[in-house]
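The following blocks contain the structures, represented as structure tokens.
What follows is a pair of complexes built around chain A, which joins chain B in one and chain C in the other.
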Partner chain A sequence: MTASGLQDSGVTSPTPVAPGPRARGRRPFGTTWVGWLFVLPGLLGLLVFIVVPMVASLVLGFSESTLLGGTRMTGLENFERLFADQQFITSIVVTTVFVVVYTPLNIAVALAVALWLRTRLAGSGWLRVVFLIPALSPMVANAAVFRLILQQDGAVNGLLATVGIAPVPWLSDGDWALVTVILVSVWQSFGYNMIIIGAGLDAVSPDVLAASRIDGAGPFRRLVSINLPLISPALFFTTVLTVIGAWQTFAQSYVITGGGPGNSTTTIMLYLYRTAFTYDQLGYASTIATILFLIIAAFTLVQVWGQKKWVHYD
Partner chain B sequence: MTSPTLNGVQTGRPAPAASSRRRRPRRGAFAANTAAAWAVALVFSFPLIWTFFTALKPANEVFGQDIEFIGSEILWSNFVDAWVEVSFGRLLANSLTVALISTALSLVVATLTAFAFSRLRFRGRDAVFLLFIITLTLPIEIAVIPLYLGFDAVGLVDTWTALILPGLFGAYGTFLLRQFMLQIPVELEEAAKIDGASTGRILVSVVIPLVRPALSVLAIFSFLGSWNNFLWPLIILNSREKWTLPIGLAGFSGQTGTQWELLMAGCVLTILPVVVVVAIAQKQLVAAIGAGAFGGR
Partner chain C sequence: MAVGAFATVLAGCSAGSSGSEVPGMDGETVEMGTWIGGEADQAQWSAYVDAGEAADPEVSVSFSGPPIGDFYTKLPTVLRGSNAPCIVTLQNGQVGPYVSGLEPLEQYAEEAGVDFGDYNSAMIEQLSVDGQVYAIPYDAAPAVVYYNKEMFEAAGVPEPSIDWTTEDFLAAARATTRDGVWGFALGQGITPVTSLMSANGENYVSEDGVADLDDPNLVSRFQWYVDLATEEGVAKPLEASGGSFPDIDAFSTGQAAMSMNGLWDLPNEQEKLGEDVVGVATVPSDDGGSMGYVGGTGFAMTKSCGDKEAAFAAIKAITSAEAMQSVARSRATVVARPDSFDAWAETIGSQQTADVVRQLTENSFTTPTPSELSQLNTLITQYETNAFSGESSAQEVLQQVASALNQ
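== the complex of A and B ==
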């Protein structure tokens, strides 16, 4: 995309960079302070609104902090309390199940639809848009829609009844509620990964596929031995980012189930939010944030480390 | 993101006579495949289609075992009620204002920063750029508590300033624009310099016109990001008259005795602008997402 965008504007040919002949006395790219001037707004914002809060969050985790009562450092107290906190442990279990089921399902559906849209059919461009729209529209609106159609006497159970399936307690049974949150999340988000994986498939050379066909490889063989290895960078990229997002799932639980029934769909992020802003325990909630950060960092590092085994960059 | 490329084609064994097995896709198969794909797309879109029709129904016909898209009467007045009674008009105006301000400001910030990283040389540039790259990998949503405390300390809780500011400095925009700016030939810049143009002038007259495609994609993403934002506005906004659409929807949907037909009208008002934007800019959006320019989901 990068290249084509610029070529549209009439800029062509790679730049012959010749640093040598340029006069050393006159600085070619402006003086030092000019550069800092341009980078300053972005840098200050990044420090004030991203870097400092991230660090402060880690520090607050070791404190007792409330809006009215101020902040007092308490050492490891929060961590001790956390590991005995049944609600926190439940939220870890719920979120782990979510991540472990949601991520492969999301990638699998995204891959399947991306492959399907590459077969011969009419209107694949518009189909792609249809599948992408939920991923770009507000999660809250999507979630509200599902809260309506998944009611006991809602449209989905109505549809199931027409084929003779008994009503499903999508929202009222704890186990089903988690299934619901996972399915809605896949519905909402897979279109995004479908586009990234589709772009990876577009880059697979047709010559290779033709050659493999001549060699007698069937569709399944072509998928496993050629397409998948060649798009492994795209699969890696989408998996890492999907996992990071999945650990922070919030809006779906908040709107569709409110975390219930019981705590059956209370994710870590929802528990963090309630602890901080419903119960005004900002220090304790920051401890939850620290644990969540460590979990995400660990998962990301393991994936980055493990990619050597399956990701091929050429 | 690196796209996979292939260095050489390896054909190990001689081609067997398999090509005879290759079927030319027949017209029937083509039609069946098309029909199946569109059927799946229709089922996929059922929730959104149902929403639209629910928004037009009388209140007592929202639920029921029979699947009927059209109720006993079509009440466009639900949209008026949602607009006036539940003040979706106000929420829509708020969301639009916030999104437009956010988009404009984040474009300015990203352009300046990307210009410095791609076209200017200064001491410490690479270190600062590395810092930007590192923040791309951080789950910044978990830092909402210190952000809240900070805005509380300076008395900005429940203001749009506090709502907008933290969203302006994500590094994705800078990163995307920098990639584009790096490709502009030095000669253009030097020609402008010989004509006596200042650094600022070069940015405005040479660089920005050349990266306009990237700027428009970035604008769409900034807009959608703000339009869809939920967690932060939920935390920082208290008063109803400042709420944005997602917060209004969540608040309205949490009430007991939800007026579903009005809530669905609100959902239509929230999702429809997105559908329009995506339909219009689909090519650019698909290209940018496919390039991994905005992370993943």
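== the complex of A and C ==
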């Protein structure tokens, strides 16, 4: 046996060796189980309220199921029906338009207001609260008010008439109804993003900004080359959450337009809800839920993958 | 009576929430699941239960439930549970989707000496599925036209006679459309058109519940309804909106001189506009002999009920002539027993209203309920906006709805 071999064994080493993590882990009832105990409530919650319903929904998607009539497995029938269902296809198109327009608009408005509130503006703290109020008030109540003021003879068209603009069919034309739903949604929810982006801007080092000023960078250059890269983690976070929320949008259409005129504002979630609870087709609704889950998962994964190219964590 | 003791029953609570050993019962008390949206609902159900308990002292009923907006959504889950209440209330046309959780009542009625012929025939028909009665009605309120007497007088229009026609209605709507007020307030969905069809003795639903959306009468009545806004200019065009009642809102706030709705809305309109201001007329028909489109609610027994004899005894007591006459006097409800109509007519105080309602209930038009009523109503509400904006005709809207239904 070589000297080094003896030393490696630790048996004859004269130097006391502090117990490492492995040594601690070998103790009966060591610290590991304590860790598991701490996360157990969360894990149980995740299992009971997230994993089990998701798996149940996935399985139901392959069945014909009603709330009272029981469940009959039907294989891929629901998926075949789904891709020939014009109402579902329309809801995909409507929701896609919503996501594509709403997300950048929401982030842009939130960013613009957050930047504006960082200028030497008197009462910017109060204004921040004011802009957050729509996000704190119930969507259903907000939507009901918007429905009233956006009617053909409502307050908004009355205001437009005073400056010579013809009445806009906010709620009676399909395209305008979708515009209405998008604008109300942005008004409702940009406050959250404004707070997060504002926090990101607050974290930008004043020294870096001062240095850029000395180097002659103007406001636009500072925004593009300093602020935006440094708040990119906040922008990434808000974008991911906004996209997920946009795919799941429901209350705005449900209350303001009821999905109409026609199907012009029927989002996937609204169609899913009606399929399940108005039309009592739980199996088919679960199939829609599965597709919606896959869409959201795909978009989120692409965003997470794409962040390497534009998000800076340093 | 025990009120509100089982508020969780219809909120999706698991079996045994009441501690009852017999499903649907709390000791000797029969549990009833219904909708309670506020004090008005609470008072209404209390009146019925109190009257039933007075009619048969051996009967004891408790009731609970969510607002009506959640009632039908939660009902399937409740009926699937092992401790569903013994009695549930259902509106006409709403029995079909829940029939697998309900008990047919013929046998119980026969044993208890209850004759379905004592009740409004249209209501019995609409609470039946495949010829079997699943609920006994407690009210039978016809669809009527409400009119604002002050607006009629200001426009120099005579108040509607009991045999007024579609042309008379149109003339009144034209005359009262003035000073920022619409002559008529349009309601959403298929019900207003169904009321118009029933008034004229027309039907678009087959006996097995299939809606024929190509029915020529349906198409022409729907187009006439749309034309009130687009051609005649006597009504505000309907716009996209979710879960609202533009007709009730417009009439009760003085924005329209007429609206069409069930008689259940009368107390609300009288409260908002004043008893002397609100008039009640028949839904107009082409020849003046309007037939009533009757609606209401009935008491059904659940399949899982652990004491069906007690449950049916409670239903029998609540829908007895004695109980109904008591409610007709205390609540001014148009009860479903023709033998109790006079009690209501005395209470309502208006001979004209009593005559209108008598005409409509005695000549109620029995029409089958579409098996896909909820879906049909939702789709009509969504698509009819296209007709009011001029984008589609009524026929095209019905074709779009039919296409969506077939998917």
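The definition used in the following text is that the second predicted complex is superposed on the first by the 268 of 314 C-alpha atoms of A that agree within 3 Å, B and C clash if a C-alpha of one lies under 4 Å from a C-alpha of the other, contacts with A are read in each partner's own complex, and residues count from 1 in each chain.
Methods note: contacts are C-beta pairs under 8 Å (C-beta built on N, C-alpha and C of every residue); 3 or more make two chains touch, one makes a residue touch a chain.
Bear in mind that the values here come from a model prediction, so they are computed numbers and not experimental data.
Looking at the shared chain after the overlay, A:Thr238 reaches chain B, while chain C stays out of its contact range. By the touch criterion defined above, A:Thr266 lies against chain C but remains apart from chain B after alignment on the C-alpha atoms of chain A. By the touch criterion defined above, A:Arg120 reaches chain B but does not reach chain C. After overlaying the two complexes on the shared chain, residue contacts for A:Asp173 are found with chain C alone; chain B is out of touch. Of the two partner chains placed by superposition, only chain C is touched by A:Asp280; chain B is not.
Annotation for chain A, partner touching more residues between chain B and chain C: B.
By the touch criterion defined above, A:Gly258 lies against chain B and chain C together after alignment on the C-alpha atoms of chain A. Looking at the shared chain after the overlay, A:Asp85 reaches chain C, while chain B stays out of its contact range. Chain A uses residues 67, 144, 147, 151, 153, 254-255, 258, 277 to touch chain B in one structure and chain C in the other. Residues of chain C touching chain A in their complex: 73, 76-77, 79-80, 97-98, 100-101, 236-237, 239-244, 372, 374-375, 378, 381-383, 385-386, 388-389, 391, 400, 403-404, 407. Those residues of chain A lying in contact with chain C across their complex are 66-69, 81, 84-87, 144, 147, 151-153, 169, 171-174, 177, 253-263, 265-266, 274, 277-280.
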